[in-house]
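Just so it is clear, A, B and C label the chains in written order, and each chain counts residues from 1 on its own.
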C-alpha cells in the first residue's frame, strides 16, 4: 500500500535534535567556550563579521559554534540576526589614518614615514605543522611590543597625491546608498560596489581578483599600502549635540596603486583600487582592491575586454555567499511537481519521435 | 517568543514591503524592486514569499502553507511553524479555510475566492533571464515591451520538438502588457492564474515583488496554430479517483511499479473522506 | 515628392576628435546612396548615427514615417525608434555575427522580426522563413540549422533575409561584402542588387570598395576627415571626379 510522504513535522524535530547532538560531539571532550573561539579562532571570527556585515566578535564566535565551524552558515546566522536589529543612526566615517596599526606594509616604498610594521603575519612562517600545538604546549612569548607610533600614520598614496602622481578619489554622494536597506540597482556607483565587495564571499572575491592577475581584465596593481589595526568609531548623539566614541573596531585596509591612464588633456597618473574589511583579512582586502579597480574601467576610459571582473552585474549578483549558498542548496528541496511535468513532456516527445521512426520504417 | 515583532519583521520593513505590493497590484505583472531582508531561512527556500506573507498577515488571519501542493512537505512545515512561532496566528491545511496561502510550485485545486491571498515563492522572477543574462537589458525589454525574443524561444521549441517544450514556469502575458513568470508551477496550473483571489509573488534573493490582482487577464504565450496545452499525466488519482487534478508519480516498489496520486493533499484527502 | 530621409547638419565628435561633421543630404524613395571613404573618414560613424546606434551631438534626421509623415528620428522616444528599427528600417552589419543570433536556427533568425511585430502563427512564420531563405538562395533543408554551421557568404545572405522579411523601406548596409572572398562577393552583390530592384528599396551603403557602389548606388557621397567632400551621380563621380582626394581614390582602384 502506498504510504504518503507524511511526518514532515516529526522528521524536522528529530533532525534538529540529532544536529544538536552532533554539534556537541564526544562528551568526553571539553566543550568550546565563546571566549575560546573569539580569542583562538580570531581570523574565522573576523571573516564572519566581515561577510555578516555586523561587527560583534562575541556574536560571531557564537555563530561559528552554532554552525559547527561552517563559516558561511555562521555568516548566515549573523545576517538573519542583523535583520532584526533596530537602526539608531550612522557613525562618522572611520579615519584609517588614525589607525593604531598592528601591521602596516608598503610594497611600493622601502621605507616611509612611520616605517614598515611587519606585525603578526603568516607571511614568512614555514608552513610546517607545529606539533607542539597538538601537545597544547605554549608558544614562546613574543618579545614585548614596541609602543605604537604617536600621531597619525599618513597613507602612502598621500605621498603620491602630493605630486599629483595618483588620481584623487572622486567625490561620491554624501550618504552612500545602503545595500542592506535598498534593492541593488544599476548603474551601481563605486560606494555601492565597495559595499557589495566588502560583504562578498572571500573565495569569490579572491578568484575574481586572481582572474585579473592572470589577464582577464589586467590592471597591474602594486600594494601601495596594507594596514591592519584598530580605529575608534564615533557617532553624533543628537541629544548631546556632539560626537562620542562608541568603541573600537579592527579593520584591514588595502590601497593599490595601479597602471596609469592619461589622455591628450590629462597627463598620465596612477589609479587606485581600494579594499576595507572588518577584522584581519589581508587576502580579502587586497582582492577587493583589485576587483574594485577592475570594475572602474568605464569611469577611467578603459576598454571593456569582456572579463568577468569587469562585469559589474556579474560580480555584484554573484559575490554574496548567503544568496549563493541558499539558492544552490535549494535544489535539494522537493521539486516533484516540476520534475513530474518534465517527465510527462519527455515521455510524450519520445513516444512521438519513436512513432515517427516506425512510420518511416514502414513506408 | 516576545523578542521579535509580530510576524518577525519590524513595522518599518513591513511598510516598505506593502508599498512594493501596492505598486505591484497597480501595475500587474511588473516586477517591483524591494529591499529584501535577510530572513532566518536560506535564500531560495521561500524568503520572498515569507516576507510578503509577513507583510500581509494580521492577527485574525488563518494561514496555509504548501510546497509541491502538500502541507506536510518539510519546507512547508518549517515555514508554517515559523509563523506560528512569530505571529501566533491560526493555521490550517484546508484551502477553503485559509485567508492567506503561501505556496511553492502549485496552485491549489480548490478554486480560490476574493477573500483569499495566494503568496508564491519565486526563485527566478525574470522570464527573460535565460534569453538575456543582463538585468539592465531585461528591464529595458519590459519597459519597451520588446518581447520578440520570447516568441523566438517558443518557435525554436516547436521547430526542434514539434511542440513548446516548457513544462513549468511557463511564461504568461498579464493584462496585455507584461510578460511574467508564474514561478515554477506546472503549466497545468496556468489557467488558474486568472483567479478571484489576489496573487502576490515574492522573490527574496532577486529582490522583486509582483502581483496579479483578482480577475486580471493572464494569457499563456503560444502560437495560434500551436495553442497552449495545459496537459498532465493521463491517469486518474489512485487514491481519490479525480481525473482533473495534477498528479505526483510515486514509485512504490523495487520493480519500478508506479502510481499516480493528487499532488494537492488537502484536495485529495477531502475527496477520500467524502467518499468514505 | 517627399524625401524618404532628410539629414540636416549631422555632427558627432568623440571627445576632441571629429567623427562626422555637418553632414546633410536627401534620400528619395527607391534610391540607393553610396558613402565611400577610407577607414577613419567618418562614414561608419555617420551610418550609426543615422540608424540610431549612436547619438549625434547636433543635427536632424527626418524620416517619412508611414503613420505620421516626416518626423525627426532623434526626437522620437526609444520605443518608437526601436519599433522603426524592426519594421521600416533594416541594418546589415559587416560581420554577420553582429546581425544574427548565432545560437538560434536560421528559421528563428528570419522569424524574429515577424514575431517582434506580432506574428503569432507558427505555420505562417515558417512559410515566410522558407520563402525568404529561397530568395537569398539558402536551401530550405537548412532552416533548422544554426548560422554557426553556415559559410561566411551564407551567413551574410541569412542576415539580409532576416532584415528584409518585414518589408522595410530603408536599409542601412555597413560594408556588406567586406571579409568575403571575391567570388562570393560578386554573387552577394548580384543578389542584393536584384532584391533592391525588385522590392524598390531605398538603401544607404557604406563601403570603401568602389566596385560595390558602382554596382549598387545611384548616387555617391565621398567622405574625408568627417566631412563630405564630393557628391553626385555615381557614374559621374567615378568617371569625372572633381575633388583631388576623389581623383586619388578612383585612380588607385583603376591601377589594380
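Things to note:
Note that in this section a residue touches a chain if its C-beta (ideal position, glycine included) is under 8 Å from a C-beta of that chain, and two chains touch if they have at least 3 such contacts.
From a predicted model like this one, the values you see are computed outputs, not experimental measurements.
Of the two chain pairs considered here, A-B and B-C, the higher C-beta contact count falls to A-B.
The greatest centre-to-centre gap from subunit B, using C-alpha centroids, is found for C. With centres defined as mean CA coordinates, subunit C is found 47 Å away from subunit B. Centre-to-centre, using mean CA coordinates, subunit A is 33 Å away from subunit B. For subunit B, residues touching at least two other chains: there are none. Contact of a single residue of subunit A with at least two other chains is seen at no position.
By the touch criterion stated above, subunit B contacts subunit C in their complex at residues 144-149, 151-152, 155-156, 158-160, 222-226.
Taken together, the subunit C residues at the contact with subunit B in this complex read 78-79, 82, 86, 101, 104-105, 107-108, 111-113, 115-117, 120-123, 125-126, 143-144. Put simply, subunit B touches subunit A in their complex at residues 4-5, 8-10, 13, 33-40, 42-45, 47, 67-70, 72-78, 81, 104-106, 123, 133-136, 161-163, 165, 167-169, 184-188, 205, 207, 231-233, 238-239, 246-250, 252, 259, 261, 263, 265.
Residues 2, 4-9, 11-12, 76, 79-80, 82-84, 86, 180-187, 313, 317, 322-323, 325-331, 333-338, 340-345, 348-349, 352 of subunit A are the ones that touch subunit B when the two sit in their complex.
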